[in-house]
Amino acid sequence: MKKEENNVQTKESRLVYASESEFEGLNPILEETNLDALLFRGLMRFDQNNKASTDVAESYTVSPDQLTYTFVIKDNIKFHDGKLLTADDFIFTIESILDDKNASFLKADFTEVDSVTKIDDHKLVLKLKHPFAPILDKLTVPILPKHAFENVDMRKAEFNSHPIGAGPYMFDKWDRGTSLTLKAYANFHGTKPSIEKVIFKFIPDSNVRALQLKSGEVDMTLLDPVQVEELEKEKNIKIYAIESADYRGILFNMNKDLWKDVDVRRAFSYATDRTQIVKGILKGYGTEAYSPLQKHAFNNENVEKYVYDIKKAKELLDGAGWKEGQDGFRYKNGDKLAFTITAPVSDTVRVNMANYTAEGFKKIGADVKVDALDWSAITIEETEAFMVGWGSPYDANQHTHILFHTNQSSLTSSGYNFGSYSNAKVDELLDKGRLTTDPEQRKVIYMKFQEELAKDPAFDFIAYEDAVYGINKNLGGVKERILGHHGSGFLWNVEEWKWNDQ
Amino acid sequence: MLLTVENVSKSYRKGNKVLRDIDLSVGEGEIVGLIGESGSGKSTLSRLIMQLEAPETGVISFNGTPVTKRLRKTFYEDCQLVFQNASAALNPSWTVREILMEPLRNSEGDRAAHIRDMLGSVKLTDAHLNRRPSELSGGERQRVNLLRSILVNPKLLVCDEIVSSLDRLIQREIIDLLIELNRETGMAMLFISHDLQVVEYICDRIYIMKDGKIVEESVKVDGEFEFSHTYSKKLFGSMFSRGLV
Amino acid sequence: MLNVDRLTIEIDGKCVVEESAFSVRPGKITSIIGESGSGKSMTIAALLTILPLGAKATGHALFNGRNLLDASKKEMDAIRKTHIFTIFQDAANSFNPSVKMERQLYTFSGGRRGDTVQQFRTKMTGLLDELELSVDILKQYPFELSGGMLQRCMIACALYVAPDLLIADEPTSSLDRVLQKEFIELLKRLNEEQGTTILLITHDLDVVVEVAHEMVVMQAGKVVETGSVATIFKQPGHPYTKRLLDSRF
Amino acid sequence: MKSRKSLAFWCVVLGLIVAMTVFAGLFSTYGPNEMDMDTIYQPPGKGHVLGTDHLGRDVFSRLLEGGKVTLTVAGVSVILSFIIGVLYGGISGYIGGAVDVIMMRFLEALITIPSLILILAFQAFMQGGMWSMALIIGVTGWLVTARIVRSEFIRLKEAEFVKMAKMFGTPMWKIIFGHLLRNSVPAIFVVTLVNFTGAVFIEVSLSFLGIGVPSAIPSWGNMLFYAQNDILIGAWWIGLFPGIMIFLTILAINFIGEVLKDPRRRRLDA
Amino acid sequence: MISKWIGKRVVMGIIVLFIVSFLSFFIMHAAPGDPATAFYGGNAQTLNAAEKERISRVFSLDRPVIVQYGAWLWETVQGNFGYSSKEGRPVSVILFERLPNTLLLFSVTMFFIIVGSIWLGTVAGMKAGSMWDKGLSTISIASSSIPPFWLGILFISFFSVKLGILPSSGTEDVGGDGGLMDKIRHLIMPAAVIILTHVGIYARFLQESIKTESNKYYVLVARANGVAKREIQKGILRNASIPYLNYIGMTIPSFFGGAVIVESLFSWAGLGQLMVKAVMTKDFPLIMGGILSIGLLVVSSLLIIDLVMYGVDPKLRKGAYSK
């Protein structure tokens, strides 16, 4: 009897989210996690349409030259530790991001910032070097409490494992390797959360996640497409298949000589049967991919889509000097046309895609192996080809500049250009796109960028993958919007969620 | 003398002598007995004679020359040992033929024919050749064991309790066989046993051993042994009276 | 005392003892002699109903008028406990290696008769003394004693319980001559002083001549000859008996 | 009699499994890696006798091919461990003395470490193909063989027939092979069988953990590893059949070993 | 007498651990690259200064390997296992977090295996020719032929997926009260898998020992002389338990090995799962620490078994084996 009561009671007020990966720390400017939206708030916040609107900022004004932004901060916002959030905290956050010592992955987003000045505790002015349209998007960056970092090295701060923010939920406890618990923050400035506790349970295995969703041990999780059909039959589960800007592709590591020849990369792009992958591996929860901005307003429909064409692929390889040998594989100067695609073993979809494409590449005479490894055993820069996943629903600059710009090579910067892709035209367009403010102009630039990228592909784009969430049916308040990479952002309005069976 | 053992001692653990100053000899064509109770060191002595272990002191000579490592090979051609436990002395995974071939590795001539000739002398038949030791009875096993040792026509045969674990009936058979061999080929024997009756029956001369020492030597006179040492008297006194026969 | 008639023992369908018949008269020493494998031990096992799995005995074995072969488990337990004592050939293995001698000797002797441990201790001490064994052995484990000592312990138990019938299955083959002689003397004493009936199994004719009054000759599972020792030795009836007698040295 | 029959039965079962996998090419109807997105997760039935998996591969063909991999890994590693074990145990037992003492202490220490843990540690930096896997299992699997060979050698070295052989001047190699090794065969055979089951277990376990043979190569363990994802989906056939194959193989070997272990069948104890 | 004997065993255990440590050191040394990168791979830059200093001090390449080993051993003996390259926390801390779970699983399964196998084995062994006797050997061979993880999968698909009555993984409910019932619910399946796949073999071993023992001469003698059945059975059991205990000792290492798989399957946060994770993430300091601690566990369990043996086997006490 007692036990049951207990169960009902805990069920009412907690939400268990099964998460694939655990994070090393929770400092939002050092590492991106899907807890950021719960723990932190920024001046701005993406709304349901992925448009940046004010949050911590009460209001803002932009100077006509688009170089000066003046923000007024709400005066009643307190961090989880009760300290008031002021302009100083925001300034500290920007400074920390720009501080090389901290090696923040967000630095590139703020390089256009010229200065941030405090007018008073609740008013500040941000000046840009050039007009920079995405800045409002960037200002969704979580604001860190300055007082938590006094006299400490940010990389080693206690904060990283016990964060303090101004979001709807505050840190409760972290059982490394198992779970992390957040609890509702009573003094939150927005909608007060109805669910008392949000627990992130770390389960690397997608199968186990689905299992536990089914058994009710967890309330929500991202599903593999193949699992949907079975879970749909469950009475207590509701499936949200949400369109997302999350694409998969094979990253060509340009440090490998094979990929130096653009025709080889194009050949493999042609030899990828995307339709079958969407059908068989994604079970229809996705679309064939050809561009990193496909889900964006700036999408260029008219680029080379590399529709499955074995004949073309063979011709390209022939042209590139890779001739078919006795054993059916191609050779050039005695070298076999062979490489390995690495994929994270815990991500079954990626492993399946890798296996399927690798098998398909045999048709054009390539001997392709698949290495499914644990994330931590993978150094993407050292692979020959990697099954990547990127995509952002926000500004076009996001997940393009940092992925394809020469300056963002992961070997020389903190950027995410793991394949050391370098194309002067692409660089130029990305730079221009960042600094142009006129939407129409920007569109032209990014359309052009997509064209150039398609001509000289950095990735063999495979498919956009819908984020399929399985959720306890009794959970209400979920608002869909186009999601980002790994279905991130699903929890964006978690403070509005509630248990219907209360 | 064919074999002389002079002044031989042996101990396995310090201060615990298993053999003490053993002197013993076997003449050509002679059957010499060695009796003593369990643990008196008979088997140890036989191992020393056969150079399976080295004596601590003393010399073992064959035909007047001390047996050294170098001479061992020729020594083995003339002197053979038959172990008490026939089952353990035959390689269980070999056939009788293979077993009998082993000592003849280096000899010339038709080895198979030689074996067939000799087989009759221990009352075995060709049919036994293809069997393995486990398929033979205890007596048969001991006969194969014996045959293997006499195949090389040794001048001396050391028999360590070769009949003790057998039935009387089979014992008798084998003992009679040995006597016959001795008569026909003049093969000398050192016959080790704790069975007084057997020793009395087969031997011309006996040594009596106790606690690693030879306490008495006695020669058969008119089919009887005479003893002076008290231990020997006690030993032979414990023989059951012949009663009824 | 014991009348065996038409005793047949089969193991897995194979006949190891066939239609054997003999009797043991009270107060006498009867000896069964025969070569290895002739079925002597099996006969004893059948009498004590301790045959191995798969073995079956038919016929009669009347012990004081009671047929042992169809006695119930309980009855048999009682008979084994009160009337018969058996000494086996292999003394070294006759005791549980991890139980102290005192406990084992008690279960073999005092325990059978319902004596208390105290009673047992006093009586056994005397017996051990008589057998030239030190009392210390009671505190020792079997593996710390020699085969001869263990065999004497068994005899001590036999003396203690003074059974109606003492069965001894080749008790001397593992002993050397000196000990054999001593053991045989003890048997004689037991028979003469306490009048114990003894069934002695052996393959040694010399032993038979030494102690037995009557003898049973077995060959290949069959009893070929019975009678008093003296008559058989004078006039062996069966050719096998003759061969046996001839094989003596 | 009964044991003879069961021996024959299990030998036939094992023989069938081995034959099917060795000649996988003859029996299988599809390429083990042939993928077809139109026929994923087909239950057993027409076309695909044992159904298809998440990439539309034929489970039956993969089962045979996987068996080839698993049994090859196990077989090669067992041969390897056999050689190392016989050498190590043989040297230790034949030479004896201080050499033996040192070698045995070392062996005892090794036996104390769970071999799976050792293999895991090796895997950390040797992760590679099938052959390195066989190598690792072989290199860590000889301990019991060595111990058995050593004790057999020590026992047989003291046997009287070996002493007799020395007296007959039989050369050393013949003593080692004809007397010592040959009479150790039953014991070595049994322990090798046990090793074989152990090797199968280890291969499937490691592959099951995702750190065994590379995922692209089908092996029974790998198939089970991926089959975990299919339980929920209800595709029971993907995990069931490799499991049954592993079970049957090990069961057959265990039963064969059981019969051979029976002392009545061992000449040595005669 | 006993202290001398224990001393001997402990020394043996230490020698074993010594060799284990040497092996784990050797394995790490065989890993490619210089020690700092071999150990910490891509994470070398996030190492703290003290650890960097320790690595360069202990593993300085201009020193001979044996000296490096000595230095490393000295550090290790003092409890300094270095830092996990994945988590950046001290290895010893991580190991200690996992230890209770492994010990719990180990002791619970061992307890049930021993109790179960003694019961089954005794019943089957004492009643020669009965159904128990005949059935047990077949069942035990069959049960030991099932790969534990496969049984685990079947269990999960039945009890967790189909019936939904037992949690499929973990050591306790997240956010739960961490109560006893909760622990037990999580423990049932992993423990059951280990027990079911092992209890048969142990029972069978005991059964065979009892049967061998029952055919011993002394049992026949006792039976022939009317010794009470219970008395005889007690004696048999006592002797049969000696090879049985020996067998347990012999199989303990592989037992720990097998737990690795079950722990991983059920995400039971013990040392075994930790080892697998460490191997997958190439976390070398953690691997070394894991090997050593499992070695220590094995050696100490063996010591306990030795102690029990000492109590049970008088021949050991009297030193009758040394001859």
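Each chain gets a letter, A, B, C, D and E, in the order it is written, and its residues are counted from 1.
Here, a residue touches a chain if its C-beta (ideal position, glycine included) is under 8 Å from a C-beta of that chain, and two chains touch if they have at least 3 such contacts.
Owing to the predicted nature of the structure, the values given are computational and were not obtained by experimental measurement.
Asks: By label order, what chains touch chain C and chain E together?
Replies: Correct list: empty, since no chain touches both.
Asks: Write out the two chains that share the greatest number of C-beta pairs in contact.
Replies: Ranked by contacting C-beta pairs, first place goes to D-E.
Asks: By mean C-alpha coordinates, which chain is most distant from chain B?
Replies: Measuring from the centre of chain B, the most distant chain centre belongs to A.
Asks: Report the inter-centroid distance (CA atoms only) between chain A and chain C in whole Å.
Replies: About 91 Å, centre to centre.
Asks: Which integer distance in Å separates the CA centroid of chain D from that of chain E?
Replies: Here chain D and chain E have centroids separated by 22 Å.
Asks: Using mean C-alpha positions as chain centres, tell me how far chain B is from chain C in Å, no decimals.
Replies: 34
Asks: On a C-alpha centroid basis, what's the spacing between chain A and chain D, in Å?
Replies: Here chain A and chain D have centroids separated by 46 Å.
Asks: Would you please write down the residue numbers of chain E that are in contact with two or more other chains?
Replies: If we look for residues of chain E contacting two or more partner chains, we find 156, 161, 280, 282.
Asks: In chain A, which residues are in touch with two or more of the other chains?
Replies: 211, 214, 345
Asks: Which chain pairs here would you call touching?
Replies: A-D, A-E, B-C, B-D, C-E, D-E
Asks: Help me check something: in the complex, which residues belonging to chain D touch chain E?
Replies: On the chain D side, the touching residues are 105-106, 108-118, 120-125, 197, 201, 204-205, 208-211, 224, 227-228, 231-232, 236, 239, 243, 246-247, 250-251, 254-255, 258.
Asks: Spell out the part of chain D that touches chain B in their complex, as residue ranges.
Replies: 159-161, 163-170, 178-179, 182-183, 185, 267-268, 270
Asks: So in the complex, which bits of chain C are touching chain B?
Replies: By the definition above, chain C touches chain B via 35-36, 176-178, 180-181, 184, 203-207, 209-210, 229-230, 233-234, 243-249.
Asks: What residues of chain E sit close enough to touch chain D in their complex?
Replies: Contacts found on chain E: 12, 15-16, 18-20, 23-24, 27, 30-32, 137, 141-142, 144-147, 149-150, 153-154, 156-157, 161, 253-258, 260-261, 264, 275-276, 278-280, 282, 284, 287, 290-291, 294-295, 298-299, 302.
Asks: Once bound in the complex, which stretches of chain B touch chain C?
Replies: 37-38, 138, 167-169, 171-172, 175, 194-198, 200-201, 234-235, 238-245
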